[in-house]
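Going in written order, the chains are labelled A, B, C and D, and every chain counts its residues from 1.
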Amino acid sequence: MIIILKPGVSEQDAKELVQKIESTGLKPLYMPGVERTVLGAIGDERVLQSLRLDSDPRVDEIKPILSKYKLVSRELNPVDSHVMLGQHLVGGGRFTVIAGPCGVESRDQLLSVAEMVKQHPVAALRGGAFKPRTSPYSFQGLGEEGLKLLQEANRQTGLPTVSEVVDAADAELMAQYVDCLQIGARNMQNFRLLEAVGKLGLPVLLKRGMSATIEELLLAAEYIVNAGNPNVILCERGIRTFETATRNTLDLNAVAYLKRKTHLPVLVDPSHGTGVRELIAPLSYASAAVGADGIIVETHLKPAEALSDGHQALNAEQFADLITGLRPFVEAAGKTL
Amino acid sequence: MIIILKPGVSEQDAKELVQKIESTGLKPLYMPGVERTVLGAIGDERVLQSLRLDSDPRVDEIKPILSKYKLVSRELNPVDSHVMLGQHLVGGGRFTVIAGPCGVESRDQLLSVAEMVKQHPVAALRGGAFKPRTSPYSFQGLGEEGLKLLQEANRQTGLPTVSEVVDAADAELMAQYVDCLQIGARNMQNFRLLEAVGKLGLPVLLKRGMSATIEELLLAAEYIVNAGNPNVILCERGIRTFETATRNTLDLNAVAYLKRKTHLPVLVDPSHGTGVRELIAPLSYASAAVGADGIIVETHLKPAEALSDGHQALNAEQFADLITGLRPFVEAAGKTL
Amino acid sequence: MIIILKPGVSEQDAKELVQKIESTGLKPLYMPGVERTVLGAIGDERVLQSLRLDSDPRVDEIKPILSKYKLVSRELNPVDSHVMLGQHLVGGGRFTVIAGPCGVESRDQLLSVAEMVKQHPVAALRGGAFKPRTSPYSFQGLGEEGLKLLQEANRQTGLPTVSEVVDAADAELMAQYVDCLQIGARNMQNFRLLEAVGKLGLPVLLKRGMSATIEELLLAAEYIVNAGNPNVILCERGIRTFETATRNTLDLNAVAYLKRKTHLPVLVDPSHGTGVRELIAPLSYASAAVGADGIIVETHLKPAEALSDGHQALNAEQFADLITGLRPFVEAAGKTL
Amino acid sequence: MIIILKPGVSEQDAKELVQKIESTGLKPLYMPGVERTVLGAIGDERVLQSLRLDSDPRVDEIKPILSKYKLVSRELNPVDSHVMLGQHLVGGGRFTVIAGPCGVESRDQLLSVAEMVKQHPVAALRGGAFKPRTSPYSFQGLGEEGLKLLQEANRQTGLPTVSEVVDAADAELMAQYVDCLQIGARNMQNFRLLEAVGKLGLPVLLKRGMSATIEELLLAAEYIVNAGNPNVILCERGIRTFETATRNTLDLNAVAYLKRKTHLPVLVDPSHGTGVRELIAPLSYASAAVGADGIIVETHLKPAEALSDGHQALNAEQFADLITGLRPFVEAAGKTL
């Protein structure tokens, strides 16, 4: 339920109401605003009725949250939420670019890519240390060694780092090395993992599963926020359809829809979303136009030698062209790079 | 095969070669360019070998066309082709907006919508006279009466008209009333219909089938061009996927991909592509950004009273807002409305 | 609406009620049964109320038809309907096998296949004279010449024939040569074609579109029955999904679902449904087990030389093995071959 | 590579070759057969060449394994493998039925269902203690308490138990209580979990992900076998498509295909595969006919009161009818219940 207080209700009164809600076993939310304060109560709504808040003189209106996801919905919180990635604000008027290699392969490879992307208005460096691979015989990532290299890249360039966590047991370890934990498409409904990252304060980049509905993505985000971590960034990365000309079908409908349903920031991954190098730039432009809060792009200084996903990585020149080409669309969207 | 002639080869020589190709039973193509002339030969390529063109002094290079579609491919013709919709050029530097109601319902309805859209930089008026409907009990369109109203709207406003043809037997009748024939998604592989419109010179707006691959769309276009009509405009209108939050999944990957593979202009239909009124504007912006040559949008003065698809029609105010919002993205794409 | 008459109401009384329904402009249905007569009224149900049938002493009960499809639903007619294919009854306790080549290629090819399939309990010979092909450069069928060969094969073997009609304008011509008109997957929503075959009395084999929902298939059948032709046989032939190991995904869920929702017979096409020769037999067995009324299978004496779909055609020996392997499953299903 | 030894090569010689393979760093496999022994070598095949086995007098033939999955392929091992579920053999000539509630809800619920299913030829009892649920607000299972109840049900009825493991950290705990670990559809590509169950000897029931290709399923199984556990049972449980009449689209093509590509046993889950109670029986029959090695079915004494998935659970009478109806199809398939 959403409990909208009357204008002028004091902070003390509001917190008293929060305690009343908490005493029933419901999860209370306290959202002070400029004009008036809004409270939330998540859980079995029949319990709330026992409090008779509708006759409380401090309460203006009580509304149910109709969507299945509560904490991440705009019904509860119509104002955009922001997530801090190091010093960089994701969401709001910024268009965030995260770039880096698919996998961390070596010190040289990572640091040289990091130096390259740093020449551009890039918010963070991405790179996988634990790689979920379809075949057990493919390169599986450098593991903790890769995390150490990400930390070194961060110290050298100042770029915050994003890396995928593939198991709940790794979450705390990873939090020591990187600035943002990515949940990959294959783990979007690994609920134990969602809860684990929900218990940390670190930003989480949650990628849509390859056959997950938009509602399922929002409910996965709800797991994280419900476990205590509000710093969730959603990411559309293409869904699996019958089309084979592209690796996945990037669903920009979903981005526009998400921006209307949730206050969380939404990024797009055009590298996985298309799987075709030539299509990354136009789909990045379209992402800016459709209202996304940014993109996450795979870059590699020598794509042909990449140990994974080289066919969809941009080299230094292509990445520079992408940033140049992107700028007018970001501006047309009223955002800044 | 593509036969590239040496610079300076005369028109007479080129035409002599065209005749030689034709004499083998292959379909010849004559494409004079500023610097040099290119010929094409469509059909069984082994036949061509008998001509020994590779040793002809006028021939510079012979290349196979690798894609299954020949006439519509950029391999054959790397330069964008344009289609005239009345006086309006579709393709090239223009961003074409086609608007109008889903179905022609009455004289009043059509003419008032036509006057409304005419206030904006709109290239043509759309409106269905023959409506393919999933249920036999739904409104099926006004038929020829609807075509007459489209003709009247054209005379009154000067806007060229686009209307769907649903059967080969109707093609000639429709050509008397409207300026562009639309092939709907359900008929994309109605090959008899494709051949029928291929025999007319009228522009054809060919919509992608709801589960058609990009290659199948291009081969459907090939049917039309192969039958003699080069005036084909492609249209992405959303594909059918597992997602149910939106009516279809608009595939902007396909638009970027098509622009690289074919010289034909490509429009986007965000009305059917989303099926959600609020999503039409952002996906229109994304269409401009991704490189589409325009959009086709459903408008209705009273969407709530529309006999079909009212939930995805824009009213006058929403349509005006769309055009205003679209402009900066069209400019960012280097095109003009 | 379904109007159930009281037991013992005379035929004369029932027909009087039918006339009353017709007088309102609704489409009446007269379904005499062993115990009692049931009437139907299709159209705007508010009109029916003016007749005040609920207070007519001959009427026992009036029920709305809740599904969007009316005439083909089990709500209206809970008893299985049968379709005569020549002397062969499709539906009921029979398991119908239709076999033959994908396309009619020559007199020799067709007659030899016909003789081969005649050695088995086969109900009809299939063979395409008009082939809808994805590419304009593929073999398009022999046209009317192919129809004549089908007629000759029928005269020689006594097997009724099934062939695809691809355009409304061909329907009457085809009816002169063949015993059953097939509507292919690509034409399932070619509503003009559905209406055209609906005006003939000939049995229609209606294949599910490759991305058509079950409801859309039933509404397509409704078009045919509503136009006057009750002799419709449905056919599941695989849907388009992300899976690429098989050509399509045969949806046997749909068969079981259809058997509960419609009284029409339902066949399965395992040749297109799998596109893999080795999978045709097991999926045929599964079709019998799931409740299908039969299968339609592609056969060719020399599959490697077939002009279309040879990779999914069974040769004489494989077809004989299929029939042998099928028998115990047909018997387990309580049906006869 | 597959290394086929000549007939009569001694065990000692074969093991010497195994050691040679191992010495190169490749993973060796030793598969003695009645007529001759086959060895395998998994890893970088260029390494193998250094051994010059092709000129070894004991070696008859060396063949590459062409499929991406090696250990689970029929190329390596053409003979069906079996998995022991308690005393019950899964695979071979048996048709295995696993039944039980979706989730373990209480002692009463579980034991009464267990007693019910025990009246039938059922191989094992299923029941979820850790439930992966789309929403954080849905019933999440009883956890370890549920595992204890499963153990009690096993002691009381003698039925082996199957329960889902959702996190690598739980695998060892679960192995103390249950006889078979299920990997659910959402975790099919949770590679850490696959490796964890691969280190245990316990049978694993691996469900296909809802948008996983058949190849991805086989590669997921390869992870488990490669980690050391050969006791893998595959399970088709429906894929996600555009169709909404059924919860998922059960892909029986995949079952027939899997039986040709892998030696592992394959079950079908018609409860999740259809999501519609009335369709469970016909799709179970079809599963037997298509060649599956069994089914896993949800049962509940009071489906209407189930805390999860009650709409697709069979009650005692429906389950008894299923077993009765299933028998003739299992026999037609040449198997025994």
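Descriptive notes on the structure:
Going forward, a contact is a pair of C-beta atoms (placed from the backbone, for glycine too) under 8 Å apart; a residue touches a chain by one contact, two chains touch by 3 or more.
The UniProt protein names, listed by chain, are A, B, C, D = 3-deoxy-D-arabinoheptulosonate-7-phosphate synthase.
Everything numeric here is computed off the predicted structure, so don't read it as measured data.
Ranked by separation of Cα centres from chain A, the top chain is C. Chain D has its Cα centroid 35 Å from the Cα centroid of chain A.
Chain A and chain C have Cα centroids lying 50 Å from one another.
Counting partner chains per residue, chain D shows two or more touched chains at residues 211, 240-242, 244. If each chain is drawn as a node and touching chains are joined, the picture has every node linked to every other.
Per the touch definition, chain A reaches chain D in the complex via residues 42-43, 68-69, 132-137, 166-169, 186-187, 189-193, 209-211, 216, 219, 222-223, 226-227, 240.
The part of chain C that touches chain D in the complex is made up of residues 211, 213-215, 238-239, 241-246, 249-257, 259-260, 273-274, 276, 278-279, 282-283, 285-291, 328-329, 331-333. Note for the complex: chain A touches chain C at residues 211, 240-242, 244.
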